[in-house]
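Let me begin by handing over the structure; questions about it come next.
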Amino acid sequence: MSGNDSATPDAARDATSDATLDATDREGRNPLLSVRDLRVRFRTEEGVVRAVDGVSFDVYPGETVCLVGESGSGKTVTGEAITRLVKSPPGEIEGEVVFDGQNLSDLSEKQLRKIRGGRIGHIFQNPQNALNPVYTVGWQVAEAVRLHTDASRKEARERAIDLLDQVGIPEAAARYGDYPHEFSGGQKQRVVVAQALAANPDLLIADEPTTALDVTIQAQILRLLADLREEFGMAVLLVTHDLSVVAEVADRVVVVYAGKVMESGDVYNIFEDPAHPYTRALLDCLPGRGGETRGIPGRLPDPTNPPDGCRFHPRCPHALPECREGAQPPLYEVADDHEVSCVYYDGSHDPTAITGEASSRPSFPDGGGGGGVSDRANVRPDDSREDEDDE
Amino acid sequence: MYWYVARRLAWAFVATFIILTITFLLLEVTPDAQAAQLQFQAAQGGGSAEAAREAYETRRGLDAPLWERYSNYMINVFTLEWGWSDTRSQPVVEAILDAYPYSLMYGIPAVLISTVVGIAIGLYSATHQYTLADYAGTFVAFFGISIPNFWFGIILLLVFAVELGWVPVLFDPNVPVFSVANAKQLVLPVFVLTTAAIASEMRYARAEALEYVNAEFVKTAKAKGADGRRILTRHILRPALVPLSTILVGDLLGLILTTSYLVEVVFGIPGLGRLSLDAILNQDTALVLGTTFIPVLIAVIGNLLQDLAYTILDPRIDYGDR
Amino acid sequence: MALGNEEQSDAPSALLFPNRRGLLKVLGVGAAGAAGLGTAGSVGGQETTTTGQGNQGDRSVQGDYVVGDSTDAETLNFVQIADVPSANRVGLTLDGAYALTPPPNSEVFPLWCDISTEDSRTYTVEIREGLQWGGDYGRMTADDWVYMITEVFQAEDNWAGFANQSDWQRNGEFVPVEQTGELTFEIRLPEVDPAFPLKPIMWGEFCMPRGLLEKYVPDKDLEGLQQDEEVQTLAYSGNLGPYSFERWNREAEFVASRNDDYYMQNVENIPEEYNQSAWQGAPYFESWTYQVIPEESTRLSALQTGEITQTSIPENKVSQFEDDQDVNVNVAPQPFNSLLIYNQRANGWEPFRKTAVRKALSYAVDKRAVVENILRGFGSVAHTFQPEFSRWYDDSQVVETGVGDAYSSEEARSRLGEALGGTQYTYDGDTVVGPNGNQLTLKLVWPVGTETTRTTVEFIKQEYAKIGINVELEGVQFNTLLSKYAQNSYRGDGEPEYNAGPFNAGPRDEAFSEESWDMQYGIIFNTYPRTPSSTRSFWTRTSSTNYYGYVPEADMASLYDRASSATDEAQRQQLYARVFGILSEEQPCNFMNMGVDIDGFQDEVQGPQEVFDFGWNANTWYFQQE
Amino acid sequence: MATESGDPERFEDVDWDELGGLAVPRRTLAFVASLVAYALLLGYDYLLVAEDQPTIPVAGWNVTAVDWLFLLTLLAIVFYGVVPLVVNRRLTVHYWHQFRKNRAAVVSLVYLLVIFVVGTVGTAFIEPPQLDTLAAYQPPVYSSVPADVPVSCAGEVVDGRCQGTWAHPFGTTGQGKDILKMVVFGMEVSMQVGLIATFITIVLATAVGTTAAYLGGYVDEVLMRYVDIQLTFPTFFLYLLLVYLFGGSLFLLILIFGLTGWGAIARLVRSEALQRSEEEFVRAAKGAGASTPYVIWRHLVPNVSNTVITAATLLIPSLILAEAALSFLGLGDPTVPSWGRVIADGRGDLSSAWWISTIPGFFLFFTILAFNFLGDALRDALDPRQEGGE
């Protein structure tokens, strides 16, 4: 994609420098969020769908972690399972989610409500639908404020206007009483961000916050997130399929495929030395990296009946016989803060079969977003008005 | 928006006018049962059938030319002079005023109960999809839609009034409106009407709520930390109310207007349904037109209100382009 | 109204009675005669009040009488009344001129007035002393009556819409009425009519005070009269009726409370057999209510639970109420004849014009089965146009068909085969075939609404099938039946030979109805057991009701002429017996059965009898003290 | 969510032209041929056969106007319902899988098929219920009533109670007609009322809805304003007036239902068709110079069929109920043994002979219930607006 903002490379650079700082910083600190062996199953008529099948990762205070994968890889469900937003039934969540020393899985629904929106903010994919169409945006932001503070109606209103101002809604006070449909997509996402920030959360889970937006707006929102992160000192768990976004904002990256973690590590390691064939395939899809831009051949496996062995093996050009058997390979450490789930790294294989001449790759994407694997970025017009009611 | 409302109003007016005209003409071509009977009686008694018919027409004011009667009627409709009911010997307006409290007495509780309970069950069903309660709710709905009201009414009357004696068989129009006796005699009609109405209410409520239960903004609200009840009442019910309001004025009123004929006949309630039914059967032209006017008016105003309700309930609707 | 009312015994209600006055005398829902039916046992306890032995000791004023009615009154303005319920309600507050006691006596029982004559032409009406109008209208005088008759009943343009104006006409002229004293006036008929008092003309007629009428008569202000407050609430009724208007909630109830000043309390010289003492305390109910309950099952339930005092009971429910200790079933004969009418006009089956064909067909239908199985014994087989309890009915003259030996499919078949000789129809094996070789199909039209009628027509169809005739049933709304099948119009060239109105617009070859039909069942005719001369409107060639095109072989017209003017009682009896004998002989219709009236009463009600017109003395009924 | 397999093929996406090559012309030909045969027979019945003579003398069957309409309806169902399902087996299997999940609907379908077959085929082999006044008020088998209720008891009288017999398993009416037979003949009436009136409704609603949507402008305006009026007119009142005016024969009742009840569905169809008519294939067809009727018939009608089928299935029970209600008020066809009429006839007898109203009442109830379940399941399986979700 051309016509990218001149600001983007700077932002990317800023982000990466932060990441380096954090990385050195991590050693002494406990993770803010620690996810261990998270599993989410859905019982459907077709069978049990294992959307998330044993995912583990950590998020440290103040850092940005990106969950990356194709659509349907389970990354969104992972994000939602953390605060148990996944509807249950049909969803069933297992595993351990420790947030700031508290095991969220042990909490009652009531205690969890304090966390949701209080200490963990959420932003969802499609700002078009994330706001309730029948309430003013101000009301919705103020609702978020009042749900977590004792603020009076008036205080909540002031705080909401502040927040709207902070997220860059011009003339926030005047627009307080406007309805969502009077806002553009980007502005709506800003409002959603404002809502998520209402109670100064420690962690912001942002699920594809820019997918549904225009390219120019995407950059603005990303920058807003980066700025806010700095300002509020919060950690961000960014769920995305867009590697160019990852490159811009991530400190660390977790690559998931079919409900399993394929590779995780520092953003540099992932981009410089992608270890897993899947990660490499993803990166190959980025424009300007010389690979095919049409995506990865093949389809995601049937979620009700995933293949044995490595989940990726049916699409993997390097698949070995042992890839087809047993469970998903364990995560092998390939470098400091860089793990990969691939038999080539078990010590008995030669990983260069995958990596080839490692240095031949360009170090960084040189262009902005827009590339990446296909995702349903179906920006649907607001179709709630049908003309059956036109008498 | 004003332009839109004005146009809607004008159309409401025209529609009412057309419907009343059609009714008038239909009545005009309907053979007059009473006239035929009177003539036959006169003939049987050895009198003059012709004279009997003339006397009848004089009495009923049918001797004026068609056009005159039509234009008189149309003018009078809008001045609330709806004429004289010959079969009840009272002004039509009075007849309607006499009858409507009885309809309201069972209609209002039925509407309120079916709306509140119907929507409540519907929402519960939607948020607890595929649970036992959901299936039970669905069953209630289907039962209500499927049971023939008149049959149900008679059977209830037989069981609870005749066999068990818990409620009176006869509707006594003289008991005070707010009294135990009145409540007792209204229980069955309200119940029958409610079972019919609750079904459509809850089915629609469930369907509408289902559309929103999985909406992004509901997830957003949950992520904000809102509790279940808040989500249900503020974030699901409120947007669902927009289409539900349509059902309330449209389907529910339609259903109640139809059912009222049967319920009032079965339970002997002298309300609008029976007034209108008897008016048709007795071919009391003025009364037929008057009693037709009421549901037409309700439908027309209901449609209008429903459109206006959209403006209030759903801020997205913008009337600029209509 | 003709629609959807299975509650009325067998036909649309308005037709149960020949005209308004006929009904006025029927308080409650009762009517008619004296048949000793097997069910009489259940009402045996009430015989005491019938014979003047009753003394006032049993009677005391107590309780509220509630009648369950299927339809409400239309108006309380009696000038316009054309329906039973309205007449019943007005009758509570206004007694009317005089009543008739049940047959066979059928004597004038004076209420407001007595009627007498010397020559059977000039009738003198004498108004009782002590009759007071309500409001400021003073007492009732002959002046009120004459004004009422001449300015309203006989008004030239009938401005008030009086439904029975023709009663007051003879040969197209109004009958002269003249005041002869303060309380007397004379009605001068143009010809001798010994049965005049029995005809529903003065019998049961009401009156309004002159002062009230004068407000509307000069301007012929119909609307004003209709909407007059005093007319609407019967405020002028004064002491003229047993009850006073209390309230009328349309389609719900009409309530009248006991009139303490009822003039009959002071009347002496009531004949012994009519129990003077009983009248002196009348009425014996605190109030009388007509409650409208359209649904039959609800009405019956209300009778069972005691919420109403009286209502009519359909035949098939009688057994259920006979078991009920708290309800007495009163079965009283009615003068109404259900008949199977043959269309002898040009758009009917032509062989119906032959008496032999009609007679043959009368052998085909089992009348007893209809009475026993469909009417469940509530009714009686009819052979002519007069009930057996009537004094004009003479066994020896009446030919019986459709019962006993006179019911036989084989007999009907052979008679029909013979009778059809000379027509295009013949028996081809089992079935009657027409000129084109197809089986004969006759169209039987009937009014929808009552199950008994439907069952009966289906039964007739079965009976006809046995003699090889296919019957096609066509159920129509009652008004359609009248307007499209009964009413006929002249379709010939030029002027019709005669025109007797819409139901006999001319000779049968030129005047016929819009729709063609062959037979008709479900309209019932009044047999006028008191004034048989009234049956003339059915059975002569030019009768006003002869829509079926019956042309009698005998000279019915002159028989009627002679009978109606005969002042000698025995001669009249003989002549009418001849008329009804001829009818049973010629079978213009198949006279199927005579109906009865079945009412259920709470068992404490004392007074109703199983006789024709038992309601005439309802004011002396009372609740037995427990 | 986790599953994003490709959308299954749907009924409405099928372009009939592409299906099985020759199948379509063959079907169309067959349909046209049937219609011609139908028209010939109809002409024969009305022009050559006397009114009171049976159309088919061998069977003694005098085909009535209602029968003719019913035949037409069945033809349409066969050619536009059954044949496509048979020809396109894959689609049928798909639908069946969708549908099978709803167990209540499967039971309903079986029940309705039984009612349909017994009501249409069965009535040809069973003698119509006969009046038998002596057999009136027989109780159903295994039950008893006081012996004075029936005119004469067909079974045994034990302790003064008349026992039901297998001669009349469901008992008899006050006319002595066998209720089992009445129920069977009532099935036919209910099916005729429900299916024919719905067929008329569908044709009108689809024609008006698609035409209004496709042509737009004044045509749309006029048609929709007319629909407005039709919908505003108090329906039940209209029925009463028309039935009173023209008489309550079954034929007219069906016509009245069919001709006055299509407004709401026409609106639905229009809004559906409006969306479709903006789509590429319609524009392409229009651009290619296809005639208006062609585009409507070929492209719009198939695309609104799901909406129509669903709405129609839910319309049927309300029509059956309406017929019963009119019969209850004494305005139905007196010569037709409809369930509504038996219920109405027996309602006065409920306290003494409960079975007369109750048994047909249950059949009425269950039939309506079954249609509702079926309609609901069809909506789940077909309705485009229910797509998505988990």
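Going in written order, the chains are labelled A, B, C and D, and every chain counts its residues from 1.
Rule of thumb we're sticking to: a residue touches a chain if its C-beta (ideal position, glycine included) is under 8 Å from a C-beta of that chain, and two chains touch if they have at least 3 such contacts.
Computed from a predicted model, the values in this text were never measured in an experiment.
S.K.: Taking each chain's centre as the average of its Cα atoms, which is closest to the average over all protein Cα atoms shown?
M.R.: So the chain nearest the centre of the shown protein is B.
S.K.: Name the two chains that are joined by the greatest number of C-beta pairs in contact.
M.R.: Counting C-beta pairs in contact per chain pair, the top pair is B-C.
S.K.: For subunit A versus subunit C, what separation do you get between their C-alpha means, in angstrom?
M.R.: 92
S.K.: How many Å are there between the centre of subunit C and the centre of subunit D, using C-alpha atoms for each centre?
M.R.: Centre separation, subunit C to subunit D: 46 Å.
S.K.: Hey, how far is the Cα centre of subunit A from the one of subunit B, in Å?
M.R.: 54
S.K.: Using Cα averages as centroids, what's the distance between subunit B and subunit C in whole Å?
M.R.: 40
S.K.: Tell me, which residues of subunit D touch at least two other chains?
M.R.: Within subunit D, the residues that touch at least two other chains are 228, 244, 329, 347, 350-351, 390.
S.K.: By the touch rule stated above, which residues of subunit B touch at least two different other chains?
M.R.: Expected reply: 11, 154, 158, 162, 214, 265, 281, 303.
S.K.: Residues touching two or more other chains, restricted to subunit C: which are they?
M.R.: Residues 3-4, 297, 301, 477, 480 of subunit C each touch two or more of the other chains.
S.K.: Which residues, counting only subunit A, touch subunit B once they are in their complex?
M.R.: Interface residues on the subunit A side: 80, 83, 85, 87, 89, 110, 113-118, 121-122, 124-126, 129-135, 143-144, 147-148, 179, 181, 192, 195-196, 198, 382, 384-385, 389-391.
S.K.: Hey, which residues of subunit C end up touching subunit D in the complex?
M.R.: Going through subunit C, the ones touching subunit D are 3-6, 296-297, 300-301, 314, 316-317, 319-320, 322-323, 369, 373-374, 376, 436, 438, 441, 448-449, 451, 454-455, 458-459, 461-462, 470, 472-477, 480.
S.K.: Quick check: in the complex, which residue numbers of subunit D touch subunit B?
M.R.: Where subunit D meets subunit B, its residues are 225, 228-229, 231-237, 240-242, 244-245, 317, 321, 324-325, 328-329, 340, 343, 347, 350-351, 357-358, 361, 364-366, 368-369, 372-373, 376, 389-390.
S.K.: Give the list of subunit B residues in touch with subunit A in this complex.
M.R.: 8, 11, 130, 214-217, 219-227, 234-235, 238-239, 242, 246, 303, 307, 310, 313-317, 322
S.K.: What residues on subunit B touch subunit C, complex-wise?
M.R.: So the residues of subunit B in touch with subunit C come to 31-34, 36-52, 54-56, 58-59, 84, 86-91, 95, 98-99, 154, 157-158, 161-162, 165, 168-171, 173-174, 265-268, 270, 274-275, 278, 281-282.
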